Amino acid sequence: MKGIGTMENFRALAKRVSNWGRWGEADQRGTLNFIGPAQVAHATSLAVEGRVFSLGIPFAADGPQDGKIRTNPARLMKQTGPGDSRYPGAFRYADDYVFMALQAATQWDSLAHVHYDGKLFNGHSIDTLTADGAAVLDITNLLPGVVGRGILVDVARHRGVKWLERGTAIHPAEIDAILDSIGVEPREGDILLVRTGWRRKFIEEADPVSFKNGEPGLSVTCVEWLHRHHIAAVGCDNFGVEVLPGEYVDEYMPFHMIAIRDMGMPLAEILDLEALAEDCARDGRYEFLFVGPPLAFPGGVGSPVNPLVIK
Amino acid sequence: MKGIGTMENFRALAKRVSNWGRWGEADQRGTLNFIGPAQVAHATSLAVEGRVFSLGIPFAADGPQDGKIRTNPARLMKQTGPGDSRYPGAFRYADDYVFMALQAATQWDSLAHVHYDGKLFNGHSIDTLTADGAAVLDITNLLPGVVGRGILVDVARHRGVKWLERGTAIHPAEIDAILDSIGVEPREGDILLVRTGWRRKFIEEADPVSFKNGEPGLSVTCVEWLHRHHIAAVGCDNFGVEVLPGEYVDEYMPFHMIAIRDMGMPLAEILDLEALAEDCARDGRYEFLFVGPPLAFPGGVGSPVNPLVIK
Amino acid sequence: MKGIGTMENFRALAKRVSNWGRWGEADQRGTLNFIGPAQVAHATSLAVEGRVFSLGIPFAADGPQDGKIRTNPARLMKQTGPGDSRYPGAFRYADDYVFMALQAATQWDSLAHVHYDGKLFNGHSIDTLTADGAAVLDITNLLPGVVGRGILVDVARHRGVKWLERGTAIHPAEIDAILDSIGVEPREGDILLVRTGWRRKFIEEADPVSFKNGEPGLSVTCVEWLHRHHIAAVGCDNFGVEVLPGEYVDEYMPFHMIAIRDMGMPLAEILDLEALAEDCARDGRYEFLFVGPPLAFPGGVGSPVNPLVIK
Amino acid sequence: MKGIGTMENFRALAKRVSNWGRWGEADQRGTLNFIGPAQVAHATSLAVEGRVFSLGIPFAADGPQDGKIRTNPARLMKQTGPGDSRYPGAFRYADDYVFMALQAATQWDSLAHVHYDGKLFNGHSIDTLTADGAAVLDITNLLPGVVGRGILVDVARHRGVKWLERGTAIHPAEIDAILDSIGVEPREGDILLVRTGWRRKFIEEADPVSFKNGEPGLSVTCVEWLHRHHIAAVGCDNFGVEVLPGEYVDEYMPFHMIAIRDMGMPLAEILDLEALAEDCARDGRYEFLFVGPPLAFPGGVGSPVNPLVIK
């Protein structure tokens, strides 16, 4: 326990913010239900200047994975073409393959990604998780993709640091203070983007071991804030959204456990918010159209994604 | 030759539509240069109802690849979690990996994908293509992603068939007739989506061998139409955009050769335009916001993508 | 049922040949226990001429997998070297990667490969089989490798055909007749190699669909013969050793079920016995040193192998 | 230069031991030509006790690769079976896939692995090395596999250390002294196994970074000794056989360059010689039957292998 409470508290907290049954017993989309056409239409109305930002990091062998849980993408050429005799004429082509963890770089967590006590979101049994993949709650439930209003909460800038230190917890009061300072009020269906500067740290240090050895991030107490405001999804520039080491001695990722499994909220991780954050600081506009389409892997637990922001 | 001309004609045609040098000697973005903030802003202004369509097909083992050139994606579970003893508390997770051709399913061709006569687009040497990947013209040149006005040319519906037969060439006159009938005028920077019904065929037949054994698609003569209208990119629901067998006896994919290598135009392939086409037929609106963000594979020749349309 | 009996008979047969507990409750090596130093020493004494035969097929994209259960190996270059600037001097290198099913080509089945009624060999629970792999009975239990006397039973040659037809069952009496004709008596610890000609069929036809659509092979009744003679392992030139369609209406691979799960016998599949069979017919010697070392994949269910025969 | 000489000396040395043309202009087997039936028969005559040693290390994610050049094998389950409804009866199975560098663990280098000055062994052009693989000198040229007399030169034991320090060069005189002390005379076609203790170091430290950061190994001067004695192949328990940092300032792996490219000698790397070395010290017999069959990857540059020693 690090100032949060006991595991009894954990389960009580999980229960308070639970969305099990909220959208029906069969529901597999969780908080994405907060986004409807009205939310999307409002979001597109924010994209008036035609400037586009890519939040995906490079998918490359020198990425932030340290090899403990996941390895970085391995892209390999299948064909380069010169002198190829398979084609009668001048046509030549190049082609490539990749082997990668679906969560190796910028990614969506599906609602099948985390479980505890034998249950996934909405009470689905973990028996649905086999070597074949996720029979329910897989990544295809995020289709057509997470589209809506994105809002940027730039904690690092707010604190005046390049990046927060590992183990730094971000609490709801700070989120409120930042939103207040930038004049943004949370709306139902928002996609909350939180900048800790952890991506900046990796860009400068290029050290996967340090990147994966703890991180600043959301306190587990944020789940009540997210719940109250009907946030649809959260994205962050660290590898797991939440502060690590976590706030419970005996649980590795308590925010994940509650956000994904109890609330049914997809998480976007390892975002690059650097250019967007610069731009928001410049023009003072911290709300925008967010478009984050996962690839449709049936049974998939996660998906690589290159989310775009359009202002 | 199938009514088009000799290879001498081919090279003359390629020369007429060439964009080499048009945006400077170092340019690696080709026709994407036709899209600027004005084009994007116009496109977002079309997204007023908040309805979203996903154009990506499932990335799965039962996809349309027949194994000759590429295999379908192989997704494998790394972790499913029950009984996992790596974590002290209740936290459990699932995780997965994929091995796939970057062009196995819905995809972008980068400008490094096709070459002939020892040159890539803009005169770049094929020596830049090595086992490391594409040193120039790689898929990261499409970043932040192809965003702009999409327009749907539904040839199958126009002809009143479920799908065009293999070997059916679509000529500029038909594109003009269709655009005329739906009241859309091409604009600089448009993303042209062409529906042949070939995806419908695969959905109904589930036969990769038939899907890859020729296809209906654009005639090579379309390159002049695309060039004249300053189209930024073309997408199609078949596997290679162009009609196959091709219109030159001795060249496998002449449209690819000219579009990618001479014009510098990225192509989107194996799109699922079914739901979008239904919707356009219903509301009569064939123009919309198109958002197609590739993943940033440095050196990558192609990228999987789940393009979204927002109306 | 195809002349064998009911499923009650199946379970009775399985029980009669069961080796559960035979080598202790903790045993994970099964019939490999029949091979000791004496058997190996006898086997090496047969290798007097110094001629070596490789029983492995090519590990290549044009292999016998039809993509239904497994795909053929995909080997990709990582490095080819010319112009590589990573090294200061003249040194250049080439390197490659592979993605493949461990049972994509010539292979060993570990004792964790097949189970039924919730149990693996020797009563081990299937709960030991997780996304991590096989916690017991994995392929490393075959180490240091299957080494012993190999004997070739060339059924195709015995019948005077290039290959047996699909669905052709080989019964114990035929094995006895062949061994009698070649003057070989089975000994404890022998590795029995059975040639159906099915590899020859694939070499001539290059048709994975036909190769995987049924096959000639051992009748399930052979398990009693193998049991009586204390055979250590069986290898075959088809993809699953046993006749398919199988001899029980309701079971896919009854020989596998009993051989692997009840007897604890590793199986070698997709062998190329062509050159060896020619040689044996020439010199009349059907016994030899067999050396089949799996790769040590901890947790692995199978392993690729290139078994050697030395005469 | 580290006491060896200039690069002029390097090229002179390479020329002195060159086997280009020795076995004909088309030869792709190099020093394996030194092994014929007589050598194999002599080797099998040494295997009299029936004891078998496996020289392959585990192929696992916690292997010795540090991820810089190669990653460790990633084995993933495809199927575990419980509750599988694809089969009508009780039959269930488990299956797995692997993604790995062909030289990720214990391995053979083919003669296509290293080149300089635009040439591979025997003068073959590096244009034969494409994204398709090695058109000549590929790993299939080692088939049916390297079988012959193996001799163990246990340098670490000879020096009375657990392992030699990084950068320690082993010179011909020391090899001679060790062979003299164990009463073994090199013969044409021998497979020389050199123990530096580097595998022991990795077993104790489990530190891939340290394992790959230099190593003890053969001095480049050993090539003349190998040449003079008609050695067929060399294996070692480090990752690259030769001492690193290398003996020429400007060349990364001079021994590789000469052994593979000029002499045409396949190298076996990352062997586990620990149990074998113990046994040899115990019984004083340092010669034995060595059986190292690569997998037949057409076009492959390397191959995983589990070499066996039989005494």
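Labels A, B, C and D are assigned to the chains in the order they are written; within every chain, residues are numbered from 1.
Assume contacts are C-beta pairs under 8 Å (C-beta built on N, C-alpha and C of every residue); 3 or more make two chains touch, one makes a residue touch a chain.
On a predicted model such as this, the values are computed, not experimentally measured, just so you know.
Of the two interfaces, A-B and B-D, the higher number of touching C-beta pairs belongs to A-B. If each chain is reduced to the centroid of its CA atoms, chain B and chain D end up 46 Å from each other.
Centre-to-centre separation between chain A and chain B, using Cα means, comes to 27 Å.
Residue positions 74, 76-78, 80-82, 97, 99, 130-132 of chain B each touch two or more of the other chains.
In terms of inter-chain touching, the protein chains here all touch one another pairwise.
By the touch criterion given at the top, residues 7, 36-45, 47-54, 56-60, 69-70, 73, 75-78, 80-82, 87-103, 105, 112-118, 126, 129-134, 140, 143-145, 147, 248, 250-254, 256-257, 289, 291, 293-302, 304-308, 310 of chain C touch chain D in their complex. Residues 74, 76-78, 97, 99, 131 of chain B are the ones that touch chain D when the two sit in their complex. The residues of chain D lying in touch with chain A in their complex are 61, 67, 71-72, 74, 77-83, 99, 127, 130-132.
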